[in-house]
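Below, chain A partners chain B and then partners chain C, in two separate complexes.
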Partner chain A sequence: MFGSGLLKGLAITWKEMLTPKVTIQYPDEIYSLPDRFHGRFKLDKDACISCGMCVRACPNNVIKMETETVARKKRLLKYVMDIKYCLFCGFCVESCPKNALGYEKDFELAQYKLDKVPLVLVDEEPLPPEEKERLEAEAAQKIAAAKAKKEASGGKDKGGE
Partner chain B sequence: MLRTEEFTLNMGPQHPATHGVLRLILHLDGETIVKVEPVVGYLHRGIEKLAEARTYTQVIPYTDRLDYLAAMLNNLGYVQAVEKLMGIEIPERAEYIRIIVSEMSRIASHCIAVGTYALDLGGFTGFMYPFREREKLMDMFEMISGSRMTHSYMRIGGVAADLPEEFYPAIKKFLKEFPSCVDEYDGLITGNEIFQARTKGVGVLSQEKAVQYSISGPTLRGSGVNYDLRKARPYGIYDRFDFEVPVGEKGDCFDRYYCRIQEMRQSHRIIEQALEQLEELPGGPVMAKVPKVLKPPKGEVYHEIEGAKGILGYYVVSDGTTKPYRVHIRRPSFINLDLLDEMCRGWKIADVVAILGSIDIVLGEVDC
Partner chain C sequence: MENIFVNISGSIRELIGVLGLPPLFNEAVMITVKVTGILLFIVLNALWLVYMERKVAGYIQCRYGPNRVGPKGLLQTAADISKLISKEIIIPSGADKILFLLAPVLIFTPPLMVFMVVPFGQNMAAVDLNIGVFYFLAVASLSTVIFWIAGWASNNKYSLLGGMRVVAQMISYELPMVLAVLGVVMITGTLNMSDIVRAQENLWFIFAQPVAFLIYFIAGVAECNRVPFDLTEGESEIVAGPFTEYSGMGFALFFLAEYTNVMLVSFMAATLFLGGWLAPFGLTIIPGWAWMLIKVYIMIFLFMWLRWTYPRVRVDQLMGFGWKVLVPLSLANIFITGVAIKVLDKMGW
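Up next is the complex of A and B:
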């Protein structure tokens, strides 16, 4: 019979009336996100060793990193992600050897002003020269002390033989 | 004296029925199509060229952006091509995960094809139902990879991470519900008399023409050619699963559409089997032991897979450095679109939408 297909379709849509509502009232109600969600990035500053693996893993050169070396140790000065070029592929997070880089469950990254777009995760002043010198001297002293100790103990060992 | 002449009409690039930014120049004789010229390139991003400036791994997120409705399948084609070039064997567990996620991707893509096809022909309700299932699939993709559409989940040598615990109950619930959902599409769209009147016998593509123009995917199988790479030349572990290749008879719009509906049921079967076999496997790594910096040997490789739209091929040339010398992608949508002119000639202007929708193109892939 012509029209039976239409009636069958209508019956299916009527069935939908009885099913529960699934709409989430978005700004008031937050949609639950899975653990692996690729959202805003977060960086654990203390865990980061400034190795630059994330910078090299990025397909789009999104990550800009500046470091200074104080007493043979790298110190993170700037870690800025130009999020407008980010593909959210997650290669940077995957490449991090110390799991310092991660995601937050935040997807509201839109900004009104262009200069607000880059995601500034670390922005620190370089150490003043005096402080730098002091730290370097301290480290040099430590190294010298360790060397002396080693030499002294090494000498003893030889003498013992 | 009454004089008639041909009329030229631009359809697109902002026309909603062209599924993106495709422009069609229609040459009309009254309402009858004389010629259709598709103008492509509005979404061209130069992905093939961009790939040359990136390392082998860094190309993966760009493949997502080809056919963004079935990103996992694009990932799969690329990583398998590079693995073939480097001769990498990937762990069993990763193979199964790849099969599961790519078939999920195929279902998601066909959900769009079926849904938007109903929408193109004026059936809004038919559009919402497949989208409901696609939403469930995207939620699962988000669990697996963290992204809904551009997953970048596969890696050269395996996959990024094992399936999360919460995925298993979700996919089992989905697999249980899905057959009845496809029945609903059948009831809403396939059985609809108006839909049938608009699609049956329209835009007939003969078997010979389809083969001549190297049409692939459901568009080819709708014409009655039984050619599916998963059966004809199984890649990965597709030879371990029991499934059928649905083919049409007449090669009209309805057959192409119905092939997709049936393919969804077959993909459902594959996922069921793969999940069963995966659960029997002991836990283990999902990545083969590959060096951090990939340097494939000098040479070239061509690898094809059965994508959601047709045969998706990746041609990768290596010069022995960390970056590919050349990447070329055989995009099924682009090649299938070639035949639009042939199929539309002689039909009315409203049928252009029906015929274009039945080829199921995605402009990210056409323009690359």
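Up next is the complex of A and C:
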């Protein structure tokens, strides 16, 4: 019949109007994010060995890292992610050998001021020179002690062979 | 409840009468009160209708629609309007400045004038004109000229095309609309709207004149330039038609005028075909003016429902449908109505 299509269309929109709506009312309700959600980054400072794998993995040069070497050990000074260039591809997290880098379930990264955008995960002062010297000396002592021990036991080992 | 507005108007009249001023002055005050009342009604309704439209659109599209500003989003339109008021009115350099500014100012005049004869309830027409229907059709068609002014004065090809489309469309669809209304007028033998409502005491004219109602409804949608006949502002073709160059309050006025026109067409449909203030099934607990509003809102909802269901038609389809289908159909309707009236007359009805 002529016009039955028109009525069919009306019937469809009427039904659609009465179906329950599923829109999540964002600031009031928050969608429960899945476990693997790529959100704000978090860094386990103590687990990180400052190897720089994440810096190298990043396709967009998002991660800036500064380190200092104290007593042959790298120490993290600054770890800043310029999040406005980040793709949330996750390469950095994947490449981390110590699982130090991870995500939080937080996507509200918008800021009012541009200089607030970079994510500062670590920001520490370099150690004062005295402290550095003290640690170096300590480390040197330890090494010397270890060497001496090795030498002492080394003769024995040879003898045993 | 039934006579609440009539009583209010009566007591205002008495109050002024006490002052002992000349009757001409009294009349002037009464008219001012009525115009203010109608203006308030129109503006509040237009604000509400914009909100309602967005809600209906949202629900049909499986969303919630505006729900942030105010409780349930009710203040959304007020916020939008205040934003539009605060905006700059930009006048294109090549535009005809006077006409360009005049069009949005005038656009509210025809609907407001027509509302003077609309019977909101029993004895509630501001002016009970004995040629009410004729007055409605005559004054409402003045809008065409104002849209054309807007399209012409903008000095923009999209505006001009939109203006031309408005003229073509409105004139084409006015014809079937008038012819459809004629069926009702033939039965009642009067052009007074209140009398037409009273004539529907036993049978609403939607049942006596179903074809006329359908034609009136379709032509009404086209007269209001609403989907599926919104060619005048088909955004994919001509940006916004005659409103392309308007910004700020100019645009807002056109926008509100569209809703006022929708309201007007719905009021006319309720008056001519749906029994106006008469209560169906003897439900007289609800006062007449409330029935009128209920019927009008059902019509308005129908308009919105159509809008969010159908796509826009093409210009040639629009014109072809108007002239090749609606006009002959309405002429046939008049013919059949005339014959039926004569036959029933002879049978002694």
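Methods note: the second predicted complex is superposed on the first by the 154 of 161 C-alpha atoms of A that agree within 3 Å, B and C clash if a C-alpha of one lies under 4 Å from a C-alpha of the other, contacts with A are read in each partner's own complex, and residues count from 1 in each chain.
FYI, a residue touches a chain if its C-beta (ideal position, glycine included) is under 8 Å from a C-beta of that chain, and two chains touch if they have at least 3 such contacts.
This structure is a prediction, so every number in the text was calculated from the model and none was measured.
Engineer: Which holds for A:P59: it touches chain B only (first), chain C only (second), both, or neither?
Structural biologist: First partner only, chain B.
Engineer: For A:G9, using the defined touch cut-off, is the partner it touches chain B, chain C, both, or neither? Pick first, second, both or neither.
Structural biologist: In the superposition, A:G9 touches chain B and chain C alike.
Engineer: For A:E94, using the defined touch cut-off, is the partner it touches chain B, chain C, both, or neither? Pick first, second, both or neither.
Structural biologist: First partner only, chain B.
Engineer: Let me test your reading of the model: by the given contact rule, A:T19 touches which partner, first (chain B), second (chain C), both or neither?
Structural biologist: second
Engineer: Taking the superposition on A as described, I'd like to know which of chain B and chain C A:F37 touches: first, second, both or neither.
Structural biologist: In the superposition, A:F37 contacts chain B only.
Engineer: Decide which partner touches more residues of chain A, taking chain B and chain C as the two options.
Structural biologist: Larger number of chain A residues touched: B.
Engineer: For chain A, give the residues common to its interface with chain B and its interface with chain C.
Structural biologist: Residues 6, 9, 12-13, which sit in both footprints.
Engineer: Provide the residue numbers of chain C that touch chain A in the complex, in ascending order.
Structural biologist: 56, 59-64, 67, 305-306, 308-310
Engineer: Contact residues on chain B for chain A in the complex?
Structural biologist: So the residues of chain B touching chain A come out as 54, 57-62, 64, 125-126, 129, 139, 142-147, 150, 152, 160-161, 164, 166, 184, 187-189, 191-194, 196.
Engineer: In the complex formed with chain C, which residues of chain A make contact?
Structural biologist: Touch list, chain A to chain C: 6, 9-10, 12-14, 16-19, 21-23, 25.
Engineer: Within their complex, state which residues of chain A touch chain B.
Structural biologist: 2-6, 8-9, 11-13, 33-38, 57-59, 87-91, 94, 103
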